[in-house]
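Presented sequentially are two complexes of subunit A, the first with subunit B as partner and the second with subunit C.
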Partner chain A sequence: MSGRATGGTGLGPREALPPGPAPLRRVVRVVNPLGLHFRVADRFARLAKQYACAVTVWNGEARADGTSLTDLIMLVVMPDSEVVLEVDGPDAPHALGPLADVLASPGGEDYTI
Partner chain B sequence: MRLCNFIVRDAIIPALAAPPPRGDAPTVPAVKEAVVRQMVQALHAAGHFRAADVDEIVGAVMRREQLGTTGIGRHIAIPHSRHPAADRLIGTLALSRDGLPFDSLDGEPVYVFVLLVSPQDRPGDHLRALEAVVRTMRNDDFVRQLRACQTADDIWALLEGAAPGW
Partner chain C sequence: MEHRHGIAVSPGVAIGPALVLDTEGVLIPHRDVPAEQIDAEIARLHRALDETATAARGDRERMTAKLGPALGNIYAAQQSMIEDRMIRSQIEARIRAESYSAEYAVSRVIRDFVRRLEDAAQRLPDHNAAEARRRATEFIDLERQLLAALLGHPSNPFDNLKEPVIVLANDLMPSDTADFNPRTVRAFATESGGPTSHTAILAGALEIPAVVGIGRFRSDVSGGDIVIVDGEEGVLIIDPDEATLAKYEAKRAEQIARPDRNESLRDKLAVTHDNVRIRLLGNIELEQEAAHCLERGAEGVGLYRTEFLYLNKTAHPTEEEHYAAYTSVLRTLGPTRPVVIRTLDLGADKFSSVSGAVADEKNPFLGLRSVRLCLNNLDLFKTQLRAILRAAVHGDVRVMFPMISTVDELRRCKTLLNDVKDGLEDAGIPYKRDVPVGTMIEVPSAALLADVLAREVDFFSIGTNDLIQYTLAADRNNEHVADLYNPADPAVLRLIRLVVQAGQREQAKRPFEVNVCGEMSGEPLYVPLLVGLGLRHLSATPRKIPELKRVIRDLKVAEAERLAEHALSLESARQVSSYLRANSAV
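Entry: the complex of A and B
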C-alpha cells in the first residue's frame, strides 16, 4: 500500500526469501485535543516516508497507509481515541517509537487555529 | 458528511479573480492571501461573519497556512481554520480557471479550493469535513466535472447530486 519499491535483492521470486520478522504493532492513544488533525497527519506522513518499512495506521477496521496524508485524514481519528500503529520491514524497530510519539503527542501547538 | 452539508451555496466562487500583481509576479503567500480573502469575503457576503471579522478570519487561515501548506496535491487545497466567529462548521468552494501556486505537496498548481471555518470546540465536525473533502476529491471523474462547471449553480447541483463518499 505504501507504493514504495522494496529494492532488488537478487534472490529471485519473493517466495524464495526467508520469512522476515513479524510486523510490530503498538496501540497508541491520540491525546491531541483536535484528534489526528491535518498538521499531525502531515507530520506523521513525512516521518513515515523516511523509513523503508511499511507503515499502517488502523482505526478500528479502517486502515491508512501511514505515508499518505490523505489516507490518514480519511481515518477520522477523534480526540482521546486509540489507533493501532503497525510497522513492517527491516527498520521497523527503529520506526515504531518515533512514529508512535507523533501520534501520541499532545502537540504543544496553537489549538486555536 | 457531504460537502453540501457545510458548503454555503451563495458563497461558491466559480472563477476566482486573478491575484493583484505586485512587481513582476505575485508571491505564493500573496496568492494564498488573495484566494483566502475572496473566499472569506464570499462567506461574509452570503450572510456569514460580520465585516469586522473578515480580516481576522483571513489572518487566522493564513497563520494556519504558514504552519504547513493545505495544498494536498492533485490540484486541490483545503485552507482552513478554527475561529470563534463560526457558530458551526461552514465552508465554501472556489475554482481557479488557470491554476494558482499554493505550495502544494506535489508542486502542482491548484484549481479547486475548499475553505473551512469551524468553531474551536467542535473538532469532530472539522475532522469529518476534512474527510469528506478528501474522499470526494479523490474521485477523478468528480473533479473533472467540478472543474468543468461554469456557474455556482452548476457546482451546487454537482455537490448535491454527489453520492456520499464520492
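Entry: the complex of A and C
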C-alpha cells in the first residue's frame, strides 16, 4: 500500500494537466444517515463519469477519484461530516451543482440510474 | 509478520501455506504463476470479472423486475464495484509485478481494502464503526464471487490442493472438517471456538495441531501466505520472517524426534499405586482412530461417535455403510476389546441434511436433537441399530443411547432395539442378541433419576460436556458465558456422585459399569477426583491415554477418595479448581 493519505490510487494524471481555469471547490455536508455508502457513492461515480472534468472528493487529507466507487468507499465518509468536492476541467461549472446534490442528498435509497 | 494468540487445543507445530476458508469454503490453490503465464493469468482475471459482472447485472435486472428499481439498484453497486477500473488495475498490477496467480492477486487487493476499512472502523465511534465493517463485508463478498468465478463453482476446497495446507477459518463446521486428514491439512486455526468445541475435539482426534478462539485475523491473511501454527503455545504467526521460520522449523524437528515420555507405559496396566484396576478406553470418531487406541494402550473404545457417517452426505448412510465402518473398527480392536457405539447424536451444533431435522429451532440445544431426532425418524434409527447388531457378531459391541432425559425415552429406544432384533431374526440375518445396552448421562434429569435409569441398562457413560453445559446453562462455545462452564463446579460433582452411587447400588446385584467419556476424563487434573468419586472406567481421546495412565499409576485410591470428599464440600468451581491444583502432582 502506498504511504499517501489518499482514498486509493488517487488522481495521478491531474497534476499533469496544462494550466487552465482554476479548479472549482465546494464544501458539502454529508447528511445521509449511513454516510457516503455504496449506493450513494455508486450514483455519484456514475454521474461523475458523464463529465469531462476531473472529479475529486476530499475527506480531510484523504482524497478519492470521484469516478471510482471503490476509491470513494475507501474515503470512509461517515454521516455529518464535511467533504470537499473539487471539479477541474472545461465542464466543471456544469458538474459542480449536480454532483454536490448527490453528495448532500439525505436519502439516496430511492434512486434510478 | 504478525503474532496472534488463541487457545491451544491440539499440540504440535506446523508450517505451511494458508488455506483461508470462509463460510463458502473458497480457497486459493497456489499463489504464484510462472512468468510466461502472466498474460494468460490476466486473461483469466478478465473473464472472471466479466462473468461476475454479468451475474450481478442479471441479479439486478431480476430484482428490478420483481421488486422495482429502488431495490434492484442495490445490485447496481455490486456491479459497479466489479467494473471499477481501479480494482481491476490494482489486481492486474499485482499479477504483473509479483507473478501472483489471479486468485491470490484478487485476495490480496481486496483484503487490503477490507483491512483498511476495519482499521478505520476501530477509530470510529460504535455506530459508525458498524457501518464501516458492513462496507468491508461487501468487499469480502466481492472476493468470494471473484474467487468462485476463477476457480469454477462449487467444488471441494481440498480437490485443488498442490500441497498440504494450514486451514484458517472463522469457525469450522463438522462438515468442513470431515475431509481433513493429516496428509492434506497440517494444522488449523480459527477465529472463534473454544477448547471443547467439536473442531477442537476433532483436531485432537486427528492429532492435527490447532489453535482456536484467536479473534479476527482473516483480513490479515490471504490464501497461500506462509503461516505457522503452534498448538502448544496457542500461537498463529502470519507471514513469518526468516528468523521466526528457522526457530519454528527447529521446534518442529525437535518435536518429531522427541520420544513420548509416557511411551514406556503403553504395555503396562492402568492400576493405581494401591492396586485398583482402572479401565482406560478411547473416544473415537473416525475408523482410523481405532488404531490410535491400540497404539496408546487403550483397552477398548469407550465412545465411538457415529456422526461422521451422516455428515457431508446428500443421502443418509445405508445400513451397509454403517456396517462397514463398525466392522472396520472391530477388525482393528479384535474380538474381545469392548467397543461402545453411540447412536446418532446429531443436531444443534452439528450440521447435517438428516431429514426430520428442524432447521430453524429457536433453541437448538434444547430442541430436537440426538436421540430425540432418532425417535422422530425411526427409519433412520432402525438402519443404524440393524447395522450395530449385525456388526456385534464380530466383537464386543455395546450400544449406547445419547441425550436420554426421561425413562420413557430410554424404554422406547430399547423397544425399538428389540423390534430390530426380531426383524433380523425373522430374516435369518446373523446378529448378536445379547448386546449390552447403555445410556449416556448428560442431561441433569438423567443424573437425578440415575437410580431409575440404571434398572433399564447395563452401563452408564457420563457425557460431561453436555452435562456441564446443561447443568450450568452455559454454552461452552460462547465466550461471554464460557467461564461458567466448568467441570469443577460442585453442582457437576454432586450430579456425578449421584450417578456413580446409582451405579454402585446396581453393581451390588449384577455387573454394571459407569464410565466417563467427556473431555473432563481426559484432563489429568480431574483424574484423582473422578477415581475418588468412585469411577473405574475413563474414556478419553487416545492421545491422552498414556498421560492418564501415568497419573493413575501414581494414585492411591484412599487419597483420591479424601480429595473427592473435600472437593464435594466446597462451594464454588473456583475453590474446587484451586484445591485440585494445589493437591495435584500433575
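Things to note:
Keep in mind that, in the parts below, the second predicted complex is superposed on the first by the 89 of 113 C-alpha atoms of A that agree within 3 Å, B and C clash if a C-alpha of one lies under 4 Å from a C-alpha of the other, contacts with A are read in each partner's own complex, and residues count from 1 in each chain.
Basically, a residue touches a chain if its C-beta (ideal position, glycine included) is under 8 Å from a C-beta of that chain, and two chains touch if they have at least 3 such contacts.
If you're wondering where the values come from, they're calculated on a predicted model, not measured in any experiment.
Once the two complexes are overlaid on the shared chain, A:Asp88 sits clear of subunit B and of subunit C alike. Greater residue coverage of subunit A by touch, when subunit B is weighed against subunit C, goes to C.
In the superposition on chain A, A:Val77 makes contact with subunit B only, while subunit C stays out of contact range. By the document's definition of touching, of the two partners only subunit C reaches A:Asp65; subunit B does not.
Overlap of the subunit B and subunit C interfaces on subunit A comprises residues 34-35, 37-39, 42, 69-70, 73-74, 76, 78-79, 109-113.
Listed in rising order, the residues of subunit A touching subunit B in the complex are 33-39, 42, 69-70, 73-74, 76-79, 109-113.
Against subunit C, in their complex, subunit A makes its touches with residues 1, 8-9, 34-35, 37-39, 41-42, 45-46, 65, 68-71, 73-74, 76, 78-79, 109-113. The touching residues of subunit C, counted against subunit A in their complex, run 69-70, 73-74, 76-77, 80-81, 84-87, 89-90, 112-113, 116-117, 120, 124, 128, 131-132, 135, 138. Partner subunit A is touched in their complex by these residues of subunit B: 60, 63-64, 67-68, 70, 72, 78, 80-83, 105, 120, 123-124, 126-128, 130-131, 134-135, 138.
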